[in-house]
């Protein structure tokens, strides 16, 4: 059985997902495409795909089993609610939505529908290195996790276009999501500290130290540096009661030459996470084929929104900003498997 | 366009390739299956695939665009010649054939046909680590390669079932093929030295040191250890005139605990090379869709046969055993691209 | 010329320094020993050394060119002041003194004397790994340091005997001193955060995150874990504007076995810093032979006292506790070399 | 008690040992110096040392307890025999002697004297990395050693001055000695293979592969490259029946910059083995103070001579050249401790 997918938004990331779904992955076919710029949709549409004039028409079409949302963030809420109204599985790029209220509305609709339909694009959860790290933590052999150090270093950002909110709005959300997932925990407060400013970014606030206080008491200590120059360097190390576990270096030829023993780093997030993006969609295709979603949920999109908001407040206040979430709907409870959810729906 | 594939041989490796072609890769469909044990073919056949009674019938069928050979080695020659006779692309697992004469007959048929049809399953050439290593060598920044150390360590082999010829017949061929490819060189002589025997394998000859003398003068120094216990450990390091380049450790969580700082190793070749197998077929699907083959050719299968034969002679003689190849047919010359070959065919 | 040294205090650390000065290092002789327990002094005294009844008598003796203080912390102030009064160089173990006021009195006496006489036992500054790290930072090739991550992990501490003040009073001072030295900076404020408590230490506060805010704006982010079990693991990584520099793994045999690729860690601080202790005294012997001191000064002992005090306050307050130092006396200014100081004295 | 040492030969290595014995180590004093160029001896002599006109006079002098030989290789035999005749411990730089016959004469004299007096300067045995590696092998946890890979890479050698015999005469002897010691084995045969020649050294034979066949059956596979450019890179890895043990990277700051993650290498043997040289003399001082020697013996000097001779023959012959040693005198048997030897002498 082949999953028929409609893609909303054919900018850079949308085009990359179209390539992935047509050239890399099996069990999937792109049957529909739309974009606010219809000519862009036209040129991005693979052979055999229909170009729709509106997201609503695309979502409603019989040609579409499941939807991939790559549109502008502020448009996501309406498109998600429409997909849920049609009971169609939907993959939504980050940010899921752009306000706490919007996130609550999406969750309310999904809970009312009674089954997970929304998967949010936190691709790190599908990365083999992070999965092995989580397996070590979850095995319990190192005891409880107490402290997680996350390091997010970006080679460079375009001066002027990249603003001081972006490290918290666009970058921190990855560290926050992967921390919540690795530690099986929730963020209850956020502090931000600003070290000496790098001269590489002009007036840009960079680097940042962010402390995420978790419900268990564990603290996540995040370094965000966006103009580090030497490459795209993602690090993670968890201190547990009886030992430490950390992400490895990426595989790269070991060269011994006039610069010493050395290994190259990834140039950017595309190179670093290309397999994670593939795997993310591989698992989505299976779940969507079963009429549901897997991996990062609307709850996780909601949490990301709250953490980013709190971090921005914390820059202003200089103190710990609390993160207060609603009670977790049963639909998003880890303990409830997809099978159970489907059984409850059928009961 | 979807490539219709027939699979000959549904043992362990055949079943794994069926899984890969149906569940992992896109652009391909298994339409036909056969095996000397028809009931095994029946149970391995994916939905929609026809079970053929003979390899000849499968190869000849209109349902089959291209063939994957996973049968017993001695059966390969006839199946390859039949596929070439039908002008159909064919992926053939190792060993391509089991004698020098058979290899010459396969190449003769393919050269007469005028276009590459045969791809041999040396999957290491599709491994990202080896590809990066080759890119460093080929870039020339480290100067000419002088010495390549290849290390092939296997956790364990089944006592009794695994004989002393196997490290040379089944294992060395991988090191020989990847060395020829990395160094863009040919093997002209083989020496074997037998260090102190490991007590782990009873009477099994293990480990081996094999020296492959190359046409350029470069020497490949191979360690083969098949009962090393601790994991599947594949190493490669090339000494060039101005520096060294080596395969990296595999990515694995860095754990600090009572055993020190440590990283796990792959358990076996499946874990180590799973992505290489996927990539090998990904590229084969594209080439076969264009009516030809890519990567390791019948020439490479021929070379592997000669090296293994020379290595077995070298164990007996204790001296350098020469490897003498026929003149390389133009079809297998690196300088001739697929495009050129097709143009010549059409001219 | 051989330096005649008197040792005050012959407990564990005193005995270790006696061993070092008699068996490892050249150019030095222990001529005098004292301890509050005279029998312990008697048994610790090397051949030819006189046992003195009081520190004052030892310091005053013609047999003593220079003094090593290994007594109890509260006794240090008086012994330091006596040594300064006699114009004799003195090596003093940590803590230099136990209050800000005492530190000010020691500095006042030394400044009045007009030449450095006091060297404080921060041995990390003599460790080859830290020295290489500082050389990289000081070279300027990586740009200004913005963030330094220091990691101080201890295998285990004795339950009951080890109190919750000790990680800040005895451990943090090393991280603070090495950070000030590496970054050529001063600490102006201290914050402490307490992650989820490790169950290994009962009621012990462990681990700690300490943020040291520096005058330049750089932040030092310290992890202190004292019951990590797996070894003694000291890490340091500085994020600069154009790259990162970090302490390497300690050299240890790379073993590949059933636990993976692995390297052992030092068991404790003795193993980790044994060469640093030797080097510390090697350089002290040279400086003391010239009638002065080198390396960590009374100013550094003063800074350590202030940081530890601020950290203890920060645990209680939960907020940033300022560190306010007096203006730095010219005697302790980096820009003034020993040669200059001696010239000024003689002028 | 201070050991009074006379130094014969004050060239580069002699001056370095004089520096070491006067400035670094304790328990030793240089009381006598000589050289064929007396003015060089004069300027190299430390304060208080007498310059002797001949080695014989120096050895015979009451001012000299023990001798360090740093003269030209061909002069060693006579100086060693003179020292043995006077019953004085002697440290002798490599090569111990320059012919098999000379080695036999030195051993004969020492055996007749009845106690070890000669220590040969194979400093690698005192290197902490090699000692840890040997401890792992000797512990037996990895089973019997089967194969040892030794890698000896030198940054560059002076063209013209450095001849094609030197890699075997001056370099291989280190690999041979450390292999015999690590594996507790003897070399019984030598093969040499010459890979493609590096263009860096003109007509110089470089690199070499040398296979040392050991009495146990273990094989030592040595790479010698003397113009590798990028640094001084010494590697060693032993394959045992149940795992692998290898020398670690040298500690060097881990830098992440435009060249990747990287660590510098030592520039040359002085930097790499400086601590080993210090430790070598530290242990010699203790042994010589007891009237004997420790570490590499005349037997080891004899073995080195035989291996180098066999290697040079193997280059010419292209085949395995046997190494045949006399029966090992009891004086050099590992099982006999110094204590036993002294007891036998006294009996």
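A, B, C and D are the chain letters, set down in written order, and residue numbers restart from 1 in every chain.
Here is the rule we use: contacts are C-beta pairs under 8 Å (C-beta built on N, C-alpha and C of every residue); 3 or more make two chains touch, one makes a residue touch a chain.
Just so it is clear, the model here is predicted, and its values are computed rather than measured.
A centroid comparison over C-alpha atoms places A as the chain most distant from chain D. Spacing of chain B relative to chain D, judged by their CA centroids, is 45 angstrom. Separating the CA-averaged centres of chain A and chain D is a span of 59 Å. Per-chain Cα centroids separate chain C from chain D by 38 Å. Along chain A, residues 229-230, 233, 242-244, 249, 252, 255-258, 263 each make contact with two or more other chains.
If each chain is drawn as a node and touching chains are joined, the picture has every node linked to every other. Across the complex, chain C is touched by residues 22-27, 128-129, 132-133, 135-136, 141-142, 242-258, 263 of chain D. The touching residues of chain C, counted against chain A in their complex, run 143-147, 149, 153, 193, 195-200, 207, 209, 211, 214, 216-219, 221, 223, 225, 227-230, 233, 239, 241-244, 319.
Residues 229-231, 233, 249, 252, 255-265 of chain C touch chain B in their complex.
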